[in-house]
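Once you've had a glance at the structure underneath, I'll fire off some questions.
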Amino acid sequence: MREQTFLEAFSEELIPGRPVLIGCPLDATSTFRSGSAEGPRAIRLASESIESYSPFLDRDLVDFPFCDFGDLPSSGGAVDLYLERLRREVLRVVRQGALPLIIGGEHTVTLPAVRALRHFHPELVVLHVDAHSDLRERYEGSFVNHATVIRRVADLVGPQGLIQLGIRAGTREEYRWMRANSTLLQWEPGDEARLLRRIGPRPVYLTLDLDVLDPACLTGTGNPEAGGWFYEDMERLYRATDRMNLVAADVVELSPGLDPSGASSVTAAKIVRELLLILGNGDR
Amino acid sequence: MREQTFLEAFSEELIPGRPVLIGCPLDATSTFRSGSAEGPRAIRLASESIESYSPFLDRDLVDFPFCDFGDLPSSGGAVDLYLERLRREVLRVVRQGALPLIIGGEHTVTLPAVRALRHFHPELVVLHVDAHSDLRERYEGSFVNHATVIRRVADLVGPQGLIQLGIRAGTREEYRWMRANSTLLQWEPGDEARLLRRIGPRPVYLTLDLDVLDPACLTGTGNPEAGGWFYEDMERLYRATDRMNLVAADVVELSPGLDPSGASSVTAAKIVRELLLILGNGDR
Amino acid sequence: MREQTFLEAFSEELIPGRPVLIGCPLDATSTFRSGSAEGPRAIRLASESIESYSPFLDRDLVDFPFCDFGDLPSSGGAVDLYLERLRREVLRVVRQGALPLIIGGEHTVTLPAVRALRHFHPELVVLHVDAHSDLRERYEGSFVNHATVIRRVADLVGPQGLIQLGIRAGTREEYRWMRANSTLLQWEPGDEARLLRRIGPRPVYLTLDLDVLDPACLTGTGNPEAGGWFYEDMERLYRATDRMNLVAADVVELSPGLDPSGASSVTAAKIVRELLLILGNGDR
Amino acid sequence: MREQTFLEAFSEELIPGRPVLIGCPLDATSTFRSGSAEGPRAIRLASESIESYSPFLDRDLVDFPFCDFGDLPSSGGAVDLYLERLRREVLRVVRQGALPLIIGGEHTVTLPAVRALRHFHPELVVLHVDAHSDLRERYEGSFVNHATVIRRVADLVGPQGLIQLGIRAGTREEYRWMRANSTLLQWEPGDEARLLRRIGPRPVYLTLDLDVLDPACLTGTGNPEAGGWFYEDMERLYRATDRMNLVAADVVELSPGLDPSGASSVTAAKIVRELLLILGNGDR
Amino acid sequence: MREQTFLEAFSEELIPGRPVLIGCPLDATSTFRSGSAEGPRAIRLASESIESYSPFLDRDLVDFPFCDFGDLPSSGGAVDLYLERLRREVLRVVRQGALPLIIGGEHTVTLPAVRALRHFHPELVVLHVDAHSDLRERYEGSFVNHATVIRRVADLVGPQGLIQLGIRAGTREEYRWMRANSTLLQWEPGDEARLLRRIGPRPVYLTLDLDVLDPACLTGTGNPEAGGWFYEDMERLYRATDRMNLVAADVVELSPGLDPSGASSVTAAKIVRELLLILGNGDR
Amino acid sequence: MREQTFLEAFSEELIPGRPVLIGCPLDATSTFRSGSAEGPRAIRLASESIESYSPFLDRDLVDFPFCDFGDLPSSGGAVDLYLERLRREVLRVVRQGALPLIIGGEHTVTLPAVRALRHFHPELVVLHVDAHSDLRERYEGSFVNHATVIRRVADLVGPQGLIQLGIRAGTREEYRWMRANSTLLQWEPGDEARLLRRIGPRPVYLTLDLDVLDPACLTGTGNPEAGGWFYEDMERLYRATDRMNLVAADVVELSPGLDPSGASSVTAAKIVRELLLILGNGDR
């Protein structure tokens, strides 16, 4: 069966130096409410309702070719196998010079992606944008899941390779860890310069958990947390990442079934469009 | 069958010099998601849950009589016929000195309404408040539909007779047209004076596509677009239009079925109440 | 943008002698609740959850190639134009020996399809399966819409070329017409033979309004009518049409947004699969 | 504000000898899920989508005038006051020779209605059609509520004045009471004659809790109970009541918000239409 | 049956000096849309998805024991009886030194709670946070319901014992009353000091109608009113109440069924957690 | 946190010889639509709305004590670990003479349960009631998931230890396997005797995938398949299993989020109640 692609995807074949969209409909470790497996499909479908032109960036996807690989096929419940396959896929993509943009699915996909990227970019900084710190050492007897994924990432890149924005929920222990390691930055208007200074010329992996947005802006996510970002905070993030050496990104935790209006999926599609335009911008 | 009216509608008969509500349940040209045909009914039903008194304007509809005509009956799919009937209806209403407030339905209804108003007000300014520019020259082989309607309006009133607020989506061509013709104004706090100066004493037709509001504020619309207005931006619009020579208005693109909570319809009803109080305010 | 196809569609190019799926996302003349424009997309998406093998027919779509044309593009609200384009498309398809299966969208699409088919099959019988008679002479000032479409079809094929099943709602005048013309047959177990006798060897166009199913079986339709068919009545229809000279068909009036569970779309996809297997069965 | 009426309601003024529709949006004693207060409004709105002609009865409401009183206004939470006002209203209606058809709202409204009817018809039989027996002596410290209402009715008319159909849930005590008093009859095809014999020429009050229908047929009700009636069982009830001396009826417990498809409300509207045609049939 | 508790509730038995959660699933007097009876259950269920630690307050519920009484059982529709039972329950709780936090349910529960508190705190100030003034003298013939409850509270504590925040809807008469009695304060950043001065050392009862939040932030409430608070306004309220002598509180009017995403319930659970941490903070 | 139990659960401690409810909120291998992890919670919550007395069986749960263990805690995404923990839990339960009734969650849980039961009952027959055959040899590279689970069960108990009812979907290969092994029986009225003869005195494990019910009866499941059972077919199953040596059972694949009316959960709760009454019936 032929499946839908995102907006004006140029091809299904990888284009060196260009962004490549990889769908990861994984939703295996959620504990409160599931549904993120529908994310990639919903984002592609919602892309029908948005333009290829971004007034904010004044760029048009027709000038920034990218490819859409479709979804990494399910491994029938074998999560470890799935994550390993994703790691290899990202390795293959980066080896050919392309820039992966992963759309989830649950947050766990960040770990194999970072692992693959680190192979090429030992100085990689992970910019973690999320409502939740995801820093548990262990969760329900498992070391790799949506609640521990950023702690595992920190094991790889070190606390100094991790920067967090938007966090507003966690256990007391997670907050102690963030304070001890100074990973959590503020994101009020004006904080952009500090972020850019801290990162410098290092290559950046952006992991964007959509629940960083306030539930007002995006209700279709499994763990809504009041007091979050509005879309203008996201626009400040676009502007900042556009000035970084962004080499890969993921956009995770859309649960479209929780938002019957479909607006969450349209907003996620718009965010994906902006990130494709930022990743694909050769001037960087 | 007797149908419901909006709030304390004084009569179904036209009252000279007073606002008249005309429902237009047209939803024929939508391309992504339909549902706006339910708009007029949902707004009338939701009006049950709001008061006739507006604390913001400190006016009460009991002091500002208006009439509710009900809905312009469907033409069974013949869109041209429908638009022509609406044009005649608006002509008839304005000829008797009443002030039409159209509730949609899709945005296409603006064209026949402006055509009728222009007959009486050759200097008419159209104030277009929307997330989308709706300025395509042609869309899917047709010249008159929800994506071209404001371009057709500009054909009538000229670019100098068009002012746009809230636009944040369009094709590159539409943005070029807006820049070339300077139709798009900013709407930050403080921009009100500039808008009023630009309009001056000219008669104003306000066309309000509800998707100008951020999806956070109004999820029940077919083409949600993140990064939009919050209700306080709407309140600044009330204050500004209250100082204009407003002669007619429309409120379009509510798709109530997309918001199961019903809150979008209640917000639309509140906006209609405020516009009735502004249109009906004899001091203007 | 690449769009999804139905199940194992062999190609997008027409295959002579084989069924061809044509999506018609038209929803322009509905008067109570809209939403059928989403039908074709929802059916293709739901086809992901069903098998290509039908235990009931003991046939597998992998042995019965068909093509999926995608959707006839919108004409931006110009209904007449849309219907005329559909007529030409069906003409073109039939001229090449293919067997059209139209998925709606609203019921009005039946008229241009029958018009095109009559060109090749002057003896065409229209088998109309529906909860509503759709036999009004005129509806809200228009002659061609979802409430008059079968009357227009009868104008083409004559009452003797029309057979109706499942009807359980209509005006008194429509019931008088059906009684006068003996178009409405019963569909209890055992009625199959009478239907086959009445049709004989004549070529058959099947128009299936999904609301013939009881709202229990299919809630996602704009005009649900209690007291309808259960799926076993549909299975008896499969068995009967499999013995007819079926040359074309349509499946209309799915409004997926009205059924948040998605079950209606899955049922519609299953019905489309069975009809593809019946149309594609060379033994007929 | 003017509110909507049911179908072709002839007037808001009572017509002697004719049915009168009284809405009772009471929803005060529900314990699991509320929402039946929306019932009357949803039934009137859904009546837009059905015809005034009933093929099943071969009668048209245009020949059977009735009036629609609108809703008995809320008493702001004072349930006793509300029930007392309903009793007086029904008294007033019956005194003028009209035939009340109450649409709920919760089941408790049956008690004051029966109380009023008994005043004129000492031999009144109550025909109770429901999934639940509603026969508790007392429920959560209260004697009058949705779980005790039929026991209170039995206190008035005696067990011999009560006949129950469709019951499939209750406590062991309630089932013992039903067995001891032989109030529960079967309702398989063929059971109609026994019911008619048991009632004889006595005047009948029909109380129809919509949850007698299987949840497949009507999901919009607070206490769904699998294993219930299908619409054909309801048609057998129409045929039977059409041969009784039916003097009043109620249709209760529609919770439209629980069925986002709206099909439950359309089915309820169809049932109300059939009962209006049965009540209004002068040949009885 | 064992029912769920809120987060890490220490016990079901009252702990002197500690907060006690009392659920009041009352929803008897609503006039537009019901559903608040589901509130307490939805808040407890949603508490599964939040942490016991509040980063905003830097306190953890594991250090602030509280008890969860469960729900005050229904009185089967007898509202007066229910309110009286609540009054006695609150009396009993306060007599033992505990701090009640009531979760509704409809707003009417505030009256018996204030009545009980006044017994111990004659100087009680009621801090009323709401979108609606709830100050009608009488509503639909009744003196005690959701639309009059704060007027009845004012009868008890006097206008000088009432302070209102967030109000943006009411009748003209209610607005006159608020202006005459200066009960309505502004709540812009910086207004906190004025509020604290006005209250001084007096004991405070906080009644929080969740519809004070903008519908963007909380769609799951029966009477949404645009132009409301965002979560940061709530955080300023936490900070202010943390410096008051808060002795009891209620959180009312969550209608979880209106928000299918569940985000409203999660936000309500977060608010309840913060209020438990404020009530339970011994330093106050 | 204290969690809710099913109906009148006697204790959380195992009672020898009595049924024990074990929730398995596992939803890791679904490929079309997820959501079954919410199943156990939804069933317990819905049990509030049903009685402890079953009129069909004329038994009351108050006479048939059972215990509710709550849910087997998540293993944070490690599916193999989860299934192994379930196997040990079932072993422990059966060792003490109790009768496990597992509520899912996805169908995969059947495998470890059967594995544990086989330890005690080498002659175990598995009665598989489902719309789908679940007999794939392998699915998306994995051997143990919802699409292969019954094939794995057949590997354990042999084709002669497997009996299937209700199957109406599968691949051609699965159908060939069923025909070759004669595992699929018909389930029309009258087929009960044949089933009982085929099983004889052997101990029985019943695995009930709720999608065996027609989507009309239960919309809240991930893979609805038209043409299924109605509730009366389920009642015939109760009657038959009541005459078997039933030693354990599972009820899987409820996805409550897909049915916003909640009726699916109530029906599932009713089925669980009947199975508890059948398992707990000492006369067997």
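Each chain gets a letter, A, B, C, D, E and F, in the order it is written, and its residues are counted from 1.
The rule we apply is simple: a residue touches a chain if its C-beta (ideal position, glycine included) is under 8 Å from a C-beta of that chain, and two chains touch if they have at least 3 such contacts.
Quantities reported herein were computed from a predicted structural model and do not represent experimental measurements.
Novice: Pick the pair from B-C, D-E or B-D whose contact list overlaps the A-C contact list by over half.
Specialist: Having compared contact pairs by residue number, the answer is B-D.
Novice: For the chain pairs E-F and B-C, which is connected through the larger number of C-beta pairs in contact?
Specialist: Ranking B-C and E-F by C-beta contacts puts B-C first.
Novice: Which integer distance in Å separates the CA centroid of chain B from that of chain E?
Specialist: Going by mean C-alpha positions, chain B sits 38 Å from chain E.
Novice: Quick check on chain C: which residues sit in contact with 2+ other chains?
Specialist: 33, 48, 214, 216, 219, 258-260
Novice: For chain A, which residues are in contact with chain E within the complex?
Specialist: Chain A residues touching chain E: 32-33, 168-172, 175, 214-216, 219-220, 223-227, 258-260.
Novice: Which residues of chain D touch chain B in their complex?
Specialist: 1-9, 41, 45, 47-48, 260
Novice: In the complex formed with chain D, which residues of chain E make contact?
Specialist: It is residues 27-31, 33-35, 37-38, 73-79, 81, 108, 139-142, 144-148, 257 of chain E that touch chain D.
Novice: Show which residues of chain D lie in contact with chain C when the two form their complex.
Specialist: Checking each residue of chain D against chain C gives 48-53, 55-56, 58, 60, 214, 216-217, 219, 230-232, 234-235, 259-263, 266-267, 270.
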